[in-house]
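Okay, got some structures for you below.
Each of the two complexes below includes chain A, the first together with chain B, the second together with chain C.
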Partner chain A sequence: MSKPKVGFNWLASCGGCEEAIIDLNEKILDVVAAVDIVFWPCAMDFKKDDVRAMADGEMDVCFVNGAIRTSEEEEMAHLMRQKSKILIAFGSCSHMGGIPGMGNFFSKDSILKNSYQESPSTINLDGTFPQMETITPLGEVELPEFLEYVRTLNQVVDVDYYLPGCPPPVRLITEALGAILENKLPPKGTVLAPDKALCDECPRKETKPDKMEIAEFKRPYQIIVDSEKCLLGQGLMCLGPVTRAGCEGVCTKANMPCTGCQGPTSRVQDYGAKALSGFASILTSMEEKDVEAVLDSIVDPNGTFYRYSLPSSMMFKSLGA
Partner chain B sequence: MHNEPFEPRIVAFFCNWCTYTASDLTGISRLAYAPNVRVIRVMCSGRIDPQFVLKALRQGADGVLIGGCHPGDCHYQEGNYKCLRRIKLLKRMLAEMGLEDERVRLEWIAGSEGDKVQKVVNEMTEQIRRLGPLRLAPIPVPHELVEEELAMAGAEEA
Partner chain C sequence: MSRRIVIDPITRLEGHGKIDIFLNNEGGVDHAYFQVPELRGFEKFAQGRPVEDMPQITSRICGVCPMAHHMAATKALDKVFSVDPPPAAKKIREMVYDIFTIEDHALHFYFLGGPDFVVGPSAPKAERNILGVLGKVGLEVGKKVIGLRKEMRDLMVLLGGKAIHPVLGLPGGVSRGISKEEQQRFIQSAKNAVEFGQFSLQVFNDIVLKNSQYVEWIVSDAYTHKTYYMGLVDQNKKVNFYEGTLRVVKPDGKEFLNFPTDKYLDHVAEHVEPWSYIKFCYLKDIGWKGFEDGADSGVYAVAPLARLNASEGMATPLAQEAYEQMYSTLGGKPVHHTLANHWARLIELLYAAERMQELANDQEITDPNYRVIPTATPNEGIGVVEAPRGTLFHHYKTDEKGRVTMANLIVATQNNAARIAMSVDKSAKGLIKNGQVDDGILNMIEMAFRAYDPCHGCATHALPGQMPLLVRVLDAERNVVRELKKN
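Presenting the complex of A and B:
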């Protein structure tokens, strides 16, 4: 039997997901021994035409990271779907919109204006603005269209599985590859990670207070962080209780509160709404004016609770954006 | 549809012990109020997950009204305080996303305040009538790229 054919592709992403594959270290040799990598533009010299030339469903598995913001990314997402049997949304951006998803707080026009005209570091005397078609002395050149908003992969094409995380933890990638090779994949639509909260596998679990009560949230620079004790118990905004496990607390081990990149467990529909609910409920303030003051200690609540998941939320984007 | 006047749709979550009882009293007292409100009874305002509010708005509500017991009167000691903190935080976030303040409203209404239910519902209905329908952007669903787009992309390649 021939080896399974595997593809990787990146859309609107930072390259961290590609890095996560490299972080397999020596295990990548086992992967290469077990599968044929037929498309991986970040690491190997394949072109779009190579994929076009494939038969439909020729790739057994394709891992796609990054959200969809441009017309080119949309086209590539469709191409990957067409050419692969199993399509896996790899990482927070393709899973929930990720960091690029926060673009949905703003309108397309305001993003372009800020980038090309208004930001303090921009000097654009000629008023240059990106055009889809530009005539140059060497001929006409084209750019993909910057679409109205950011979409998750499953808002563009049908997705089979999700590998969460920013980037997905090596252990989850290895387990997913194992499941694919042994043909032991769970039902379609499953997020390939444990379906419980991060606190469950956090090394600080034992020091979690019996009754979690917080008078005011602190930011990491405002306190000296105890490197043994529960971060939330110390008043830091640690999103562990509302975030899916699987990373083994790689951030919390390093004194960094969880920022929620793995998204919610399967019982939650809207990560941000559920997160705000949990954190509002453990605050101790009762009187209306005290509540306002304490909520002021949650700086940028939308950016905190929807950091990775705005396009997959029930709002999808800001009104008027 | 075009010429019909806009009738706001309001989803109300009322707690079993105070506000829902109050709305019964409104009826028993024959106090008429705007029929725009659809009441959902929950055991406590502390049961109201912010996801419920978003889901109501997503599925076509123009506003969401939440009614609970007055501070200190919660049947479960402090459910209404949790509700207060959650809704205040949710409203801050929704305001930043461009939602008008009047579309989500929290009111404490005791079992004896049938007249307050009438007043709040009527007032909110009018406020939302003035704001007009809530138009959330539809959530995108997977679609086939139309033949033309693909043909165009193919032609560009060639």
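Presenting the complex of A and C:
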């Protein structure tokens, strides 16, 4: 039997997901022995036309990272879907919108102005902006169109599986590759990570207070953090209780709180709403003025609770985008 | 009828890019456009976020050089909170930064740019990649490369939680220190890294320098531009990645500027073109004169070759030796040959390894005092480091609660964007004759940008929204004869 054909592609992303694949280290030699990589712009020279020339479904599996921000990325998402039997949303951006998804907090106009006019180092007296079409004496030079919002991969095409994380942990990637090669994939739509909260696998688990009570959230720079104890118990906004496990607490091991990149477990509809209600339930006092004081200590609730998931949130979906 | 060739997507780099080549009736190149077709929006959506989160948010600009953004942001935070980190913190930061530079430079040489030389620019495209490199140099060498990279990344994980998007940076210090036991591990790995740096220079010597065809390409006009060069230097004007002043030399190699990083707005400006989402940096002291070589044009370069050109040497002995060898081989300073970036990159890899060794052996690095708690009201700060791809500026202003009100980021590839566009155009003009084009020639045009190790992930951190449509009709001299505007 011929080797499975595999593709990797990136949309609106940072390249961290590609690095995560390279971080398979010597295991990547096993991967390339077991599969044929037929598209991977970061590391290989195959072009779009090579993909267009493929038959529909010719790629057995395609891993797509990054959110969708431009018409070109949307087109590539469709192309990857068309040419792949299994399409996997790889990493926070394609899964939930990721950090670039915070762009949806702002209007396009304000973002445009900020970049090309207001930026203190930009000098643009004649008001030039990038154009979808520029006429030159030689012909037209095109740029892709900017779409209204950042969208997740499954808001644009049908997705078979999700590998969460920013980027996905190497262990989860290895397990997913193993499942694919052994044809042991779970039901379509599954997030390929443990379906439990991060606290469950955090090395500080044993020090988590039995009754969690928060009177004020501290910011990481304001205190010397105890390197053994539960971070939430120390008053830091650690999102471990509402975040899916699978990373083994890489940030908490480094003495910093979880910021939620793995997204929610399967029992949660909306990550940010769940986080907000979860934290509301552990406040020491239910007196209105005390509650306000605690809320004041969360200086940016939107950016804290929707850091990786704004495009996939109910709030964003309700805009009908 | 003129023909048009599109290379899409350009490959073996970070992020998205496209090259649009217009041929004339004689089969030569009229112009090649190097375009960056995407953008995101970090400077805008940073607004409102707690400034201490910027080292983690901005690391998502680039997952290939997250440590560079993490560190520039962390240094900016020291200024925002007016706090001076203790010596152990500064040493830990610089050491982890050197570790990152070692593995990132290695990644470029063996995975991204190197295949052009190791496998050959015209090899079948299925082979011009790390797999082809492994086939050529042998699995043992391949395992050495993979092993060294893993060793460096494991150390970054130890200190920063994650190698991709680390979490160690805080205003006034770092989130964790280094124990005496851990220090031994850093010392051992630094020794391995120095050996690896020497080994990689030997590989370059054997594969590239001993091949007269490659040397001819390096010094050929198709890959040469005489521009200004910029880089961070220490007080002795030696290359430094973590801190110093910004030195700029003229195309003839003489010093033009040497300024403190917080004065960047006096000297660096960005220009907008309608055909790319990337902005093009230039020296404000000279002004934007278009995509032109020479001392009258404000175009400058950053990244390894530019850093070496802008400095007066390397601060460590083995790297200094390699630096002298490069300049004596290529005819003295400055070197204007774009492909020499690969050589300069490996010299820097060796410097980073030697510097890592100095810091790992420094007893102060295990001092448990690695944090100062800031007490001042947050306000404004600028942080600058040398990313592997060149100078990186982070500049923030905040409200009194430390929420970002303004973020301005100028990334390495923006600094280089004008010269990269010029390099792609010039290589296309130099390589395509009589309409003869094949995959190997097109790849050699890609080599013109690949030498800079450009990062469009970084360069596209900014994000325009809806494009107001502007159509300009130009005459043969490219004067605007008519403009149509929508919005």
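Assorted remarks:
The criterion applied here is as follows: the second predicted complex is superposed on the first by the 310 of 321 C-alpha atoms of A that agree within 3 Å, B and C clash if a C-alpha of one lies under 4 Å from a C-alpha of the other, contacts with A are read in each partner's own complex, and residues count from 1 in each chain.
In this text, contacts are C-beta pairs under 8 Å (C-beta built on N, C-alpha and C of every residue); 3 or more make two chains touch, one makes a residue touch a chain.
All values reported here derive from a predicted model rather than from experimental measurement.
When the two structures are aligned on the shared chain, A:Phe105 is found in touch with chain B and with chain C.
Of the two partner chains, neither chain B nor chain C is touched by A:Val31.
With both structures placed on the common chain, the touch criterion links A:Phe129 to chain C but leaves chain B unconnected. When the shared chain is aligned, chain B and chain C each come close enough to touch A:Asn302. In the superposed model, A:Leu185 lies in contact with neither chain B nor chain C. In the superposition on chain A, contact is made by A:Glu18 with chain C only, not with chain B.
Once the two structures are overlaid, the count of chain A residues touched is higher for C than for its counterpart among chain B and chain C.
Residue contacts after overlaying the shared chain place A:Val156 against chain B, while chain C stays out of touching range. In the superposed pair of complexes, A:Pro41 makes contact with chain C only, with no contact to chain B. Judged by the document's definition of touching, chain A residues 48, 105, 302 lie at the interface with chain B and also at the interface with chain C. For chain A in complex with chain C, the touching residues are 10, 12-20, 22-23, 25-26, 28-29, 32, 41-48, 69-70, 72-73, 98-100, 102-103, 105-112, 114-116, 119-124, 128-139, 141, 143-146, 148, 166-167, 219-225, 227, 250-251, 253-256, 259, 299-300, 302-304, 307.
Interface residues of chain C, counted against chain A in their complex, comprise 2, 4, 7-16, 20, 22, 30-31, 33, 35, 37-45, 47-50, 52-53, 56-57, 60-64, 66, 77, 81, 107, 111-112, 125-126, 128-131, 134, 139, 142-143, 146-147, 149-150, 153, 157, 159-168, 170-172, 175-176, 264-265, 268-277, 279, 281, 284, 288, 371, 373-374, 393, 395, 401-403, 406, 408, 410, 443, 455, 457, 462-476, 478.
The touching residues of chain A, when paired with chain B in their complex, are 48-49, 52, 74-75, 78, 105, 142, 149, 151, 154-158, 268-270, 272-274, 276-277, 279-281, 283, 285-288, 291-292, 294-295, 298, 301-302, 305, 313-321. Interface residues of chain B facing chain A in the complex, by the touch rule stated above, are 46, 49-51, 53-55, 57-58, 71, 78, 81-82, 84-86, 88-90, 92-94, 96-99, 135-145, 149-150, 153, 156-157.
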